[in-house]
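Report on the following structure.
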Amino acid sequence: MIQVDLNSDLGESFGSYKIGMDEAVLPLVTSANIACGFHAGDPAVMQKTVQMALASGTAIGAHPGLPDLVGFGRRKMEVSPEDAYCMVVYQVGALAAFVKSAGGRLQHVKPHGALFNMAAKDARLADAIAAAVHDVDDRLILYGLSGSELVKAAGRAGIRSASEVFADRSYQPDGSLTPRSRAGAMIEDEEASIAQVLSMVVKHEVRTLSGEVIPVQADTLCVHGDGPKALMFSQRIRTALAEAGVGIKASGEFIR
Amino acid sequence: MIQVDLNSDLGESFGSYKIGMDEAVLPLVTSANIACGFHAGDPAVMQKTVQMALASGTAIGAHPGLPDLVGFGRRKMEVSPEDAYCMVVYQVGALAAFVKSAGGRLQHVKPHGALFNMAAKDARLADAIAAAVHDVDDRLILYGLSGSELVKAAGRAGIRSASEVFADRSYQPDGSLTPRSRAGAMIEDEEASIAQVLSMVVKHEVRTLSGEVIPVQADTLCVHGDGPKALMFSQRIRTALAEAGVGIKASGEFIR
Amino acid sequence: MIQVDLNSDLGESFGSYKIGMDEAVLPLVTSANIACGFHAGDPAVMQKTVQMALASGTAIGAHPGLPDLVGFGRRKMEVSPEDAYCMVVYQVGALAAFVKSAGGRLQHVKPHGALFNMAAKDARLADAIAAAVHDVDDRLILYGLSGSELVKAAGRAGIRSASEVFADRSYQPDGSLTPRSRAGAMIEDEEASIAQVLSMVVKHEVRTLSGEVIPVQADTLCVHGDGPKALMFSQRIRTALAEAGVGIKASGEFIR
Amino acid sequence: MIQVDLNSDLGESFGSYKIGMDEAVLPLVTSANIACGFHAGDPAVMQKTVQMALASGTAIGAHPGLPDLVGFGRRKMEVSPEDAYCMVVYQVGALAAFVKSAGGRLQHVKPHGALFNMAAKDARLADAIAAAVHDVDDRLILYGLSGSELVKAAGRAGIRSASEVFADRSYQPDGSLTPRSRAGAMIEDEEASIAQVLSMVVKHEVRTLSGEVIPVQADTLCVHGDGPKALMFSQRIRTALAEAGVGIKASGEFIR
């Protein structure tokens, strides 16, 4: 049976600042990526989000980011592999402590934003992140863009990885995402998005923006929860996957 | 055989900013309290300090503080017990991850500065901190001022504690330290300091500023490493304790 | 003619985090207190809010707070008068630069949250804040709780002050606000709130929670904009004041 | 008479963290670049450094940097021109307020570290920074690497600039500094450094690493104060310049 994980970024509130509809998203996904205080999240938000995820039976991952709260971790920073290693160990350790204190177990690590994007293409940065995840707990699963250096680095580090795909982004012939600055980067049509998801998950292939069909590994699908429309679309994807006979499971249940 | 632990605050550098003489202090103490990034320290400093402590055979503790880098965690802040719980879980988890990634094991937790002082007198804050330590790892030892609420809270939480004493501070009849603002708070004379340490460690009693002799529990002695004079004095204390037949050991080896 | 200023806290968003309904509030008030980056706000938010206020003809004030973003500046911190002086100079200077760069002029300074509350009762802190405002620009008006040390400190520093009153808080016989922890602290009934405002602004007196009528200085009224209900209530207050013949003006136009 | 300014980065301490020998450097330079709290410095340090500079008669400049305290503003960050504009307005305004409150007047602005380096080559970033300086106070002088986009942007913005040169760095044929990663980037020999300074200041030319002689504008020379050796070298440069008949003056006294 084909299986896929649905993941979403949660716990992004900070102090008096609220972002996201975490309570509504949790039942729709199988894995929650919880911010760790560098680009979003604070200790109290982390605790609360971990407790909510455990209560809903959603698997928990750390979502470490660059130390840039005002930029929400989306601005590239020139961090050395050594710095990346340390910031991942720090953030994963902090989140793991909340999970442990609430009686749970951390499943995965998904780097956030610019750190995720830089590590997709920079093998040294990817190796540093994979080593950090390995050294904190070698049973953790590292989430990376399908085909990226991050996924390859997980293999080199001897830890499991989950290859992530996107419903609303078009692909390039080399398997990378079309940059947001280019026309056609976003797939606006929901039917087209769902068709792309089914193709990626069931047939392991995707049609690129320029028309070629290329192979793709689809272990986990990123789902957004920032608004009622996004939530409804996530529900539609769940339904379409189920109708296609795909099992929707947390990555820890099927990734080897 | 009477045993005592010598602890010191280490890993307080931050980015380009250097504080302390960590390499010189490490061989003189049995337990290192390593800053966790809130009042001092950063991920790279934490990693390096953990590695140095492991290399020198010094036991490692987390030294969580208030989120006040510019105030070095020394300014009182109105934090709720819930906030204190979360900030301790976060910081202890982060440091524990560095210890684990370097192949070691965390021994203890010593709250820093204003958090330490507030928790000495505030039972609710002390209970929150003790619960956080317990929930992250119930084998950890909580360091608190001898006779303080923090030590009592450890007992209520079912974790071990180490009662801390000071060589260079005078005591009040109720067992508290004479506030720094009062005359006689600091013991300037080194001979008198060493005599006070021996009395506390060997006889479990201390003569207060006003002359009474009161009982005191002395599991661990705080040692400063901020300058050549402090280092030399720490060496003198080690010698005096050894000559008195006291075993100098990390708290994890003798606290039950 | 009796005149009163209506002020509201604006520019409290931070990076990707949005707080407040600034566009809707601006036309309802005569003075905007704009956060300066310590407890809320960031440089880009400050610029945008200043531009919006200038466009709507609302007078601009700096709203400096404690360096505690996660606590939104609402947690008391043990800051020295010297530290308070410096943090006010810094934040007022930063906001004034945005106002100047946009072609405007800063009108006032209103300390935020815990800094406002601490300075209401602590004369040394209040003097430090008033001195900071004076030293940056002695034409600025300092906003403080009516009858508070902050208002008195403005007088001692030789700068103007605006005495602030609240529509939805009950008063104690000494002129202070009933602490939120006590019953009767909040005035829930809108008619009663409006009656209190009219009494304070027109008759310069207020009936305390225990029934006495005491004198009160009401130069400026704090108005909330956190939700449609608050906005509607602000509109009601404007109407009631206008019907009572009160001129609604920015403090800079009538405070001497 | 040929004139040159000597500038140095000061006020880089933060809270309990001390960096630099500001008291010793101040008498050796004519212009102080004072950190503004983003990459280094805090409000209390800014106040103290401003007071020291005024007391020593050294002209004062703002030294705004990227919001990256742990990286000391030396790591490149992907900041938009809009963000750069706002972070410069904010920091210059904050420092200017300390200068004004101490009875002085801000002379210049020198971007720090990665912001300085990025703006040297990126015309849009340079324009944003020059516009920020212009909008805060159009009498300020913008310091930039000689021949850089920052200097050109000052011209486009209608403000004065000071072209900065370095004693201890070798130059490339296009007038840029040899990257530190390449051999020959640093000029280790003090005699060679002094000869380069004299050539740049007196003859307006410099011999590049590859041997060509190229023209260079030298309004201000960057001087380091991080250690006794650097201080002694600064003194030697002063002496050599004086012997060559060069006037050592703050840029505000001769830049038009």
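Descriptive notes on the structure:
Letters A, B, C and D mark the chains as written, and numbering starts fresh at 1 in each.
What we mean here is this: contacts are C-beta pairs under 8 Å (C-beta built on N, C-alpha and C of every residue); 3 or more make two chains touch, one makes a residue touch a chain.
Please read these numbers as outputs of a predicted model, since none were measured by experiment.
Chains that touch both subunit B and subunit D: A, C.
Where subunit B touches subunit C, the two copies mostly use the same residue numbers: shared numbers make up over half of all numbers in play. Subunit D is reached from subunit A by a rotation of 180°, derived from superposing Cα atoms (nearest 5). Set against one another, A-C and A-B show the most C-beta pairs in contact at A-B. Remark: subunit A and subunit C have CA centroids separated by 43 Å (rounded to whole angstrom).
Computed from the mean C-alpha positions, the centre of subunit A lies at a distance of 39 Å from the centre of subunit B.
Counting partners per residue, subunit B has 42, 70-71 as the residues that reach two or more other chains. By the touch rule above, subunit A contacts subunit B in their complex via residues 37, 42-44, 46-47, 82-83, 85-87, 89-98, 100-102, 132, 135-137. The touching residues of subunit C, counted against subunit A in their complex, run 14-19, 40, 42, 69-72.
Listing the residues of subunit A that touch subunit D in their complex gives 67-68, 70-71, 75-79, 114.
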